[in-house]
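Below: one structure, written as structure tokens.
Chain nomenclature is as follows: A, B, C and D, assigned in order of appearance, with residue numbering initiated at 1 for each chain independently.
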Amino acid sequence: MIASHYVYWTFFALMLIGLYVVISHGNLLKKLIGLTLFQVGVFLFYIGLGKRDGGSAPIISDGVEVYSHPLPQVLILTAIVVGVATLAVGLALAVRIFEAYGTVEEDEVVERDRADLATGHDGHQAAGRDSGGS
Amino acid sequence: MIFAVMVALLVTMVLALVRAFMGPGLYNRILAINTFGTKTVLFVAVAGFLFGRPEFLDIGILYALVNFVATVAVLRLTHLQDPWSGTEGGEAG
Amino acid sequence: MTAFSLINIVLLAILVATAVTITRLRALYEAAMLAALFSLVTACLFVLLDALDVAFTEAAVGVGISTVLILGVLALTRSREAVTQRRRRLPGVAAVLLVGGTLGYASLDLPAFGAADSPVHSHPLTEVYLHQSQEAVGIPNTVTSVLASYRGLDTLGELVVVFTAGLAVVSLLGPLRRRRPTRPERPRPIADFDLADYRVIRVVSGGLLPFVLLFALYVLFHGEYGPGGGFQAGVIFASGFVLYGLVFGLDRAQRVVPHAALWSLVTLGLLVYIGLGMATMLLGGSFLDYDVLAPGNPATGQHLGILVVETAIGITVASVMTTIFFSFAGRGVSR
Amino acid sequence: MSVIEVLSGVLLAAGALALVSGGVGLLRFPDFYTRTHAASVTDPAGAGLILIGLLLRVDAWDTAVRLLIILLFLTLTSPTATHILAHAARRDGVPMWQEGDRRR
């Protein structure tokens, strides 16, 4: 069991480390790094399912008989590029949040929103004023 | 023989990795990561020979290029207050 | 123990150790650099797992683009993380235990790693993709033929997602602004950073850059016979521009590719892809059925279709990635 | 065993030795600059030796060309990177190790 499944378990461990960072860390940029860790875990899991013992890359050539499966590779290949594009969207959001609130810590952002609610300000206006002052 | 080289590569990778973890500070880590990058280029080359399909060395070329891009980016972006323009300076960030 | 499993175990251990260290580091610059190392190791592991095309993409994306983006955003915002509070740890640990338990339980049903009789390898599609594709499509790299021919519609969808993400970044970070002309044209090194430093980087990257772009073209057109293709080529092309922008300043990089041209290229790639699909429909086939492109000789038609599609993908991916880089870079300048 | 194979084996062994010694130096040397020394000397040397060792085992010309391109890129980029790295560190005031200091 261990000899045949340890690879999958390591991939799961990577996913879980990423998941922990995403949920527990408050820094938005750290969360995005955690998200990429999680992503890589999933990518490796897909590719691992397509791997075959003694197989070779699925580029047909003479003298090679056993190939790994090309389909997971196609799916992950496109997923990586889509992944970096969505990472860029997340980073852009983080930049905007920093400009509005002056911080990228989730707790501080929430706290400031709460304070704005308590003083009766419209959240958006207050945020705009704050960033203007800082 | 090639397998022995592979083992030496893996040992060196682990050594560089320990340096990257220990630091201290930014520069030791950049140095360790840069060295590690060279090892990955060699890894790809040696793995091609080890598993009998050496025609896929294109990946090694890409790693050599990308490794350089990463080092330049780290130095550039950790060093300037206004990171993108390169015209106005500031102290190290 | 075979050579494969030894290398595999070492690389996996390196990966997990790096991931744990990344979570523990509070200096985010250093965490981002370790993330670059992480993706290099991942790429090595992809090589080991026979996924050469994926290794290509992962190295170019993970090291060349996403690291640069993360570092750039860190330069724009704060680069130290606050201490994680104790009360935040509990939900994370709970989620990890829950998901980990589920995954661990489910993994008992997974086939052994690398088994030849696993459902993946005994599915009839394996035969189609690996062997029948040699007659039907006729190119050795089955990853390319699956990507561009068998699953062409799916790839079109992915390309639209990339396009939309580029659109979202530009709308979040504002349009690409033209720089004020009062700025000095040549990037001047900052006060006490010796000029010689910059000269070395400039000469080496200036000499390297043509090779990067040439290499991207090679990857694009060699994708039928070896690892490579539109996505990889696009990303390599973009990382070449990133290198240029980093070394020579955003100003000159934007003069090489003005943003109007960049946006036309983004849409051009997508339109060529969809246009090809329309053309095959007009010629009497179904959407993206390349057989009809060369009547009586389906293999030639497939070659032609795959080449056009890969080029379209390369154009769109390269220009979207460059647009994203310029948007982040322009943010720093206009502040 | 032909002469070429023996030669290739010797080159590969020398390269592996250079790599491992560079790794040990990177880990054991006391400060950043000495570590740069260890890494920057052994990196291109080890890489060059190993790549030339592999080159001797190749029959196909296209593989040989790829190996040569990798070698060219590595010999160009690796010293450049370490050079600017050391320069930037010096400018940033990373302290130098003196006899009797603690290891950093």
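Here is the rule we go by: a contact is a pair of C-beta atoms (placed from the backbone, for glycine too) under 8 Å apart; a residue touches a chain by one contact, two chains touch by 3 or more.
Fair warning: this is a prediction, and the values are worked out from it, not measured in the lab.
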Original post:
Among the chain pairs here, which one is joined by the most contacts?
Top reply: A-C
Original post:
When the centre of a chain is set as the mean of its C-alpha atoms, what distance in Å lies between chain A and chain B?
Top reply: 22
Subject >> Distance from chain D to chain A - Cα centre to Cα centre, in angstrom >> reply: 33
**OP:** Please work out the Cα centroid separation of chain C and chain D, and write it as a whole number of Å.
**Re:** 28
Original post:
Rounded to the nearest whole Å, what is the centre-to-centre distance of chain A and chain C, using the mean of the C-alpha atoms as each centre?
Top reply: 14
Original post:
Taking each residue of chain D in turn, which ones touch at least two of the other chains?
Top reply: 73, 77, 80, 84, 88
Subject >> Touching two or more other chains - residue numbers and ranges from chain B >> reply: 13-14, 30, 51, 55-56, 58, 61, 65, 67-68, 72, 79
Subject >> Multi-partner residues of chain C (each touching 2 or more other chains) >> reply: 52, 74, 76, 193, 201, 204, 208, 211, 226-227
Subject >> In contact (per the touch rule at the top): chain pairs >> reply: A-B, A-C, B-C, B-D, C-D
**OP:** Please give the residue numbers of chain C that touch chain B in the complex, ascending.
**Re:** 3-4, 7, 10, 14, 17-18, 21, 27, 29-30, 33-34, 36-37, 40-41, 43-44, 47-48, 52, 55-56, 59-60, 63-64, 67-68, 71-72, 74-76, 79, 183-184, 187-191, 193, 201, 204-205, 208, 211-212, 215, 218-219, 222, 226-228, 236, 239, 242-243, 245-251, 329-330, 332-333
**OP:** Please give the residue numbers of chain C that touch chain A in the complex, ascending.
**Re:** 8-9, 12, 15-16, 19-20, 22-23, 28, 31-32, 35, 38-39, 42, 45-46, 49-54, 57-58, 61-62, 65-66, 69-70, 73-74, 76-78, 81-82, 84-85, 88-89, 91-93, 95-96, 99-100, 103-104, 107, 110, 112-116, 118, 120-121, 125-126, 129-130, 134, 140-143, 146-147, 151, 154-155, 158, 161-162, 165-166, 168-169, 172-173, 225-227, 229, 231, 234-235, 317, 320-321, 324, 327-328, 331
Original post:
Considering the complex alone, what residue numbers of chain B touch chain C?
Top reply: 3, 6, 10, 13-14, 17, 20-21, 23, 26, 29-30, 33, 36-37, 40, 43-44, 47, 50-51, 55-56, 58-59, 61-63, 65-70, 72-74, 76-80, 82-90, 93
**OP:** Would you tell me which residues of chain A are touching chain C in their complex?
**Re:** 4-10, 12-21, 23-27, 29-30, 32-34, 36-37, 40, 43-44, 47-61, 66-74, 76-89, 91-96, 98, 103-105, 107-108
Subject >> Complex contacts: residues of chain C adjacent to chain D >> reply: 192-194, 196-197, 200-201, 204, 207-208, 211
